[in-house]
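Pasting the structures in now, so scroll down.
Next come two complexes, and both contain chain A; in the first it sits with chain B, in the second with chain C.
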Partner chain A sequence: MNEVTSFLQLVVTAMVPFILAAQGTMIAGRAGVFNVAQEGLMMLGASVGFLVSLTFGGNLVGLVVAGLGGGLFGWFLGWVTTRFRLDQFVIGLALFFAAAGLASLLYKVVIGVTLQPPLIPTLDDLSVPGLSAIPLVGPVLFQQSAMVYFAFLLSGGLYWLLYKTNHGLKLRSVGENPKAADSLGVNVARTRIWCSAAGGALMALAGAYLPMTYTGTYTEGMVAGRGWLAIALAFFGGWRPQYILAGSAFFAGMEVLALRVQVGGLDVPHQFISMLPYVATLLVMMFALRWARIPAFLGRNYDRESRTSH
Partner chain B sequence: MTENSSPGPRPLLHMDGIRKTFGPVVALDGVDLTVGRNEVHGLLGGNGAGKTTLMNVLYGLYRADEGIVTLDGQEVVIRDPRDAISHGIGMVHQNFLQVDTYSVTENIVLGTELPSWPSMDLKGQAERIAELSTRFGLSVDPLATVADLSVGLRQRVEILKALYRGAKVLVLDEPTTNLTPQEVDSLFGSLRAIVDEGMSVVFITHKIRETMAVCDTLTVMRDGRRVGTVARRGTTPTELAGLMVGDDAMVRRVTEVVTAGMAAPVGRGPTVDAYAAGDAPERVVVSGLLAHNDHGVPAADVSLSVRGGEIVGIAGVAGNGQVELAEALAGVRPTAAGSMSLDGRDLAGSPTATWLDGGVAYVPEDRHRDGILPSESIVENLVLGAQRGRRFRSGPFLDWRRARQHAESSIRAFSIKAPSASTPAAQLSGGNIQRIILARAFSHEPGFLILHNPTRGLDIPSTQFVYDRTRAAAASGTAVLLISEDLDELTNLCDRILVVYSGRIVGERRRGEYDQYELGHLMAGLEESA
Partner chain C sequence: MTTTTAPVQTPPRTETRAGRGNALARQVLAYVVAVLMAFVVAGIIIAALGHNPFDAYRAIVTTSFKSGFGLVETVHKWVPLVLLALAFTIPLAAGKYNIGGEGQLLVGATASAAAGILLADLPIYVLLPLVLVCGVLAGAVFAWVAAWLMDRFGINEILSTVLLNFVSFGIVDYVASEVWSDPAAGHPTTIPIGEGGLLPLVGRPPMHLGVLLAVLVAAAVVVVMRRSVPGFELRAVGANARAAQVHGIRVGRVAVGSLVVGGALAGLAGAIEVAGVHGKLIEGMQSNYLLLGIIIGLIARGNALAVPFVAFGIAVLEVGSSAMQRSAGVPSEMVLIVEALILLFLLFSDVVGARLRRSSR
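Let's turn to the complex of A and B:
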């Protein structure tokens, strides 16, 4: 395998957490719920995914439980912001701290402090028969783990859901003009709660992917800002699944590039190289935000009997 | 129900004893409404009479405290808009409830149960919508994005929404606001077509002229109560005015408001008091004044002048640069180019304080947001803007005793209804808040008075009060600029009307030459035919 192929293969592998967390941000945001707990939910997903896989001896069950846990947090965010109309940003930050704390706590309770942390097997690569034999494209796209295929198919599925189905039409209207949606009988609160729950589940899955792909164990700080970058990616992708998928290649590319440059032994302090993805994000966002279209009611709660117009 | 014993066919809709309170405020106090089949039923009343609240109850947006709704003789319970739609009720709100980024078709099918597999058939629905458009004279491109449409076309989308759902009762809330006279005619034509196909229409308005033009039956409301139901053929504008206002002494004082535009339902306005202010000196001269909107895009670029004692009107559909123009002329929005002088003194580029001291007074469109400090008292709101001057000062401090005396005399002079001068402004009604703003504007003895939609949302006596005060200001030599979206108001008050479109003045008419259709033509951005 040549240099280019292996680089691209690593980029596709690294795209997955960005795709999942940013699509999760997107699906909640398109319904008007602005989740800012990504970083914490990814930590929780990583911790729970690792611990459950270790206990029950299978990655699938770890993924499922992590997803359910994240879904519960997302559901809670949707519920308190619709039922009690609490501030989305404040609740989101509170959930970030709660999830991050819970992640460490669970690990310490179950594993404790050890010199030799236990490991879980990482996800197997599944080669797609036939397609994986195509030069360049085959190894890059079709010799990957099941989660890679899931992330790509999910993006396609979300595109179809949002733009081709009646559910999508209703979902987007709740984030654009909930009063209009409500006046036509769309259930604003229910839509928001379920989108927020789905979003939380995807964020936790993004976290659970990390120990199952890279380290085989949970470590503090392993999420390394990917959750915050997912928020940037959602804006960068204009809150549209197809552009988020494309944008995740940029974010993942920067991540892999930074690693490569470090390994390559350039005579630059590695802190500067590690900074690369964040600096690039900052620069891109400065321009991306100029044209990015965001849902009109992103982060804003809706009150039917409020007599002030928006 | 009681209606069963009455002669004739069963009414389509009957609302009985509807009561709705918002905290201590009783918005509806046992209101009855009966709408027959195939009729345009006018719901007439001044602002705050409860018309919209009653219809929001019918549409499930508000939950009534008491009362029964009967449709086709069947009692129905309407908990939310979904229930209302399923019972065949459609409502066109005054602020359109549309998703700006959606196409016309998407806005119309939103909320229905169209199948999604393998994808939604929007093309088929677009054809159905086009067919409905033709049938009811509501032509609009089903594939256009609604954000790109004019107010008139967006209203058609709202009506089509209801028709698409098979509405039996269509409610329209003040549907003529912001329409040109041509668009109003076309709307009334469509309402006729809708009624002819077997539906009924409830038409909410505060304009007697409109009810006389399109309604078959009329229910008049006042202060949250129904005060009468009459057939159009059996009534007169004077009788309706009496019902709307209550006591006869008041009716005579407010005739001008309730009969706005009646003198000239079509064609030219009154010629008796033709343009007269022609030889007074020009007090305000604005030349090439350029103002940007909040996104930094040029939004108003005008030259105009106003003579002392003259009331000049700015007519136009909302969103054509009126806000930017008003704020630039009042000195609260920076001007990008041009000059504006009052009595020969150029003010452009100076801080707002200089404009105020120079004699510019401004009554903003959004009185709650831009006009008052909501949690401060009437006294403080009245001092606002004059706090630097000598009038309310004693040494380095504000002289609150004098400020309070000033407030108390203003409360009397402007008939502000308030428990005391220390009442926070936000606790007052819209009409009383507007009186505070006017009192403040007039206390400076302004040389130039800018009024932006000064009567929007006001009850009838307050509207008349604004008209009287505006005329009094002009009579004392003030140059008045009245920016309004209400053509009746403009033709009634102004000596001259300038029409604004896309931030530019596209036409001018003097008193005696007013023709609402001609003005409407200009407001729509069409070239002068001359």
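Let's turn to the complex of A and C:
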């Protein structure tokens, strides 16, 4: 396998947490719920996914439980911001702390402090018969773990849901103009709550992917800002699933590039290379973000009895 | 971002003195109830984990007050917490979320350490002010970068401040392991700064004078926020940016200014950590002050006068958490969950309070 192929293969592998977390941010945001707990929910997903997989053996159950846990947090965010109209940022930050604390707490309770942390098997690569034989494209796209296929199919599914179905139209209307949606009989609160729950679940899945792909164990700080970058990615992708998918290639590319340059021994101190993804994100947002349109009611709660439409 | 809802709910202003007293009593009651409920829920979790919640709470609450050392440790912890909480609260008053206190603290600490190492031979009355000023300026400049990105390019300030945190990690790591590295430390650490750059210690057990500095700064912030024109403009922008603009307040400039001042305070926290606590720059010295600062700011509901008191409570919890882990066997992360629960219950108390008032009317 040549240099280019292996680089691209790593990029696609690294795309998954960005895709999942950013699509989760997007689906909640399109319904008007701005979740800022990504970083914490990814930690929680990583911890829970690892611990459950270790206890029950088998990564699928770990992924499912992590997703359910994240979904619960997302549901809670949706519920308190619609039912009680509490501030979305403040609740989101509170959930971030709670999830981050819970992640470390659960790990310490189950594993304790050990020099040699236990490991879970990482996800197997599944080759798609036939397609994986194509040069370049085959190894890059079709010799990956199931989660890679899931992330790509999810992005396609979300595009179809949002733009090709009646439900998607209603969902988008809730994030753009909930009053109009409400008057047409769309259940604004329910839409928001379940979109937020789905978003939380995706964020936790993004976290659970990390120990199952890279380390085989949970370490504090393993999320390393990917959750915050996912918010940036949602803005960068204009809150549209197809552009988020494309944008995640850029974010993952930066991450892999930073690792590559560190290993490759370029004459630049590795500390500066490690800043690369974050600086690049800021630069891109400076110049490429002008066109991005955010949902009109993003981060704002809907009050049915308010007299103004805004 | 224009979609931010007003984060701080000010209670309706009641005209009479008795009415104001009632409002204050209601607020204090809300805090008491929220803290109690958080401890009850966390106690259930602790019990479910198979530990004794009362032992755990005894360790948490008493460690700070059992000995002079405990109290000084708590007060030393209080300094960065109160400064980072103010770094979050001041922009919050203008409706901006500064999640970059960590980066601003680290860059401030780096600049302080640089000044303290490069000019190590200067006498204290020159070097110490220089060390502190360098920290403040560096924090302010770092926050200004985020503010400029927000103002000029419309980048959400939550993102620009957060992403710069990660940039600051690289800066600290580089300075501590390449530029002025202390190879004996076994962890990215710089060599000590000059004697003249250290904050004087007073009392027994020794307490550094950064504590006094933090008290003065916190008092000054309260006065400026409540009694000055910039403070008024800040609150006006936070309450209703459009109305403020119509009345001739430069909204963009106020928002940028609030972030820069916040960064300056976080930078001061970094400088005090270097000059008062460590005497050098250490990778990871920021601990989890960012999270705690945000929690304190939110629990204080953006009220600058409440921040120092809430910060002291959180400092007690934090100092007690390691004692709890030692004596009761409960992981110290439990404290983070307690703090999140206090915040959530406090927010819920608004809802409940509003209901009660409506039904009693």
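One rule holds for everything that comes next: the second predicted complex is superposed on the first by the 309 of 310 C-alpha atoms of A that agree within 3 Å, B and C clash if a C-alpha of one lies under 4 Å from a C-alpha of the other, contacts with A are read in each partner's own complex, and residues count from 1 in each chain.
One rule holds in what follows: a residue touches a chain if its C-beta (ideal position, glycine included) is under 8 Å from a C-beta of that chain, and two chains touch if they have at least 3 such contacts.
Computed from a prediction, not measured in an experiment: that's the story for all the values here.
In the superposition on chain A, A:136 makes contact with neither chain B nor chain C.
In the overlay built on the shared chain, the residue A:164 is in contact with chain B alone; chain C does not reach it. Legend: residue contacts after superposition of the two complexes on their common chain; A:281 is shown touching chain C, with no touch to chain B.
In the superposed pair of complexes, A:177 makes contact with chain B only, with no contact to chain C.
After overlaying the two complexes on the shared chain, residue contacts for A:304 are found with chain B alone; chain C is out of touch. After overlaying the two complexes on the shared chain, residue contacts for A:225 are found with chain C alone; chain B is out of touch. Of the two partner chains placed by superposition, only chain C is touched by A:93; chain B is not. Between chain B and chain C, it is C that contacts the larger number of residues in chain A. Across the complex, chain A is touched by residues 1, 3-5, 7, 49, 97, 149, 153-156, 158-160, 162-167, 169-171, 173-174, 177-178, 291, 294-295, 298, 331, 333-337, 339-341, 343-344, 347-348, 350-351 of chain C. Interface of chain A with chain B (complex): residues 160, 164-167, 169-170, 172-173, 176-177, 179-186, 293, 296, 304-305, 307, 309.
Interface residues of chain B, counted against chain A in their complex, comprise 22, 59, 61-62, 80-82, 85, 91, 93, 95, 97-102, 106-107, 109-120, 161. Of all residues in chain A, only 34, 36, 80, 84, 86-91, 93-95, 97-98, 100-102, 104-105, 108-109, 224-225, 228-229, 231-232, 235, 269, 271-272, 274-275, 277-279, 281-282, 285-286, 289-290, 294, 297-301 touch chain C in the complex they form.
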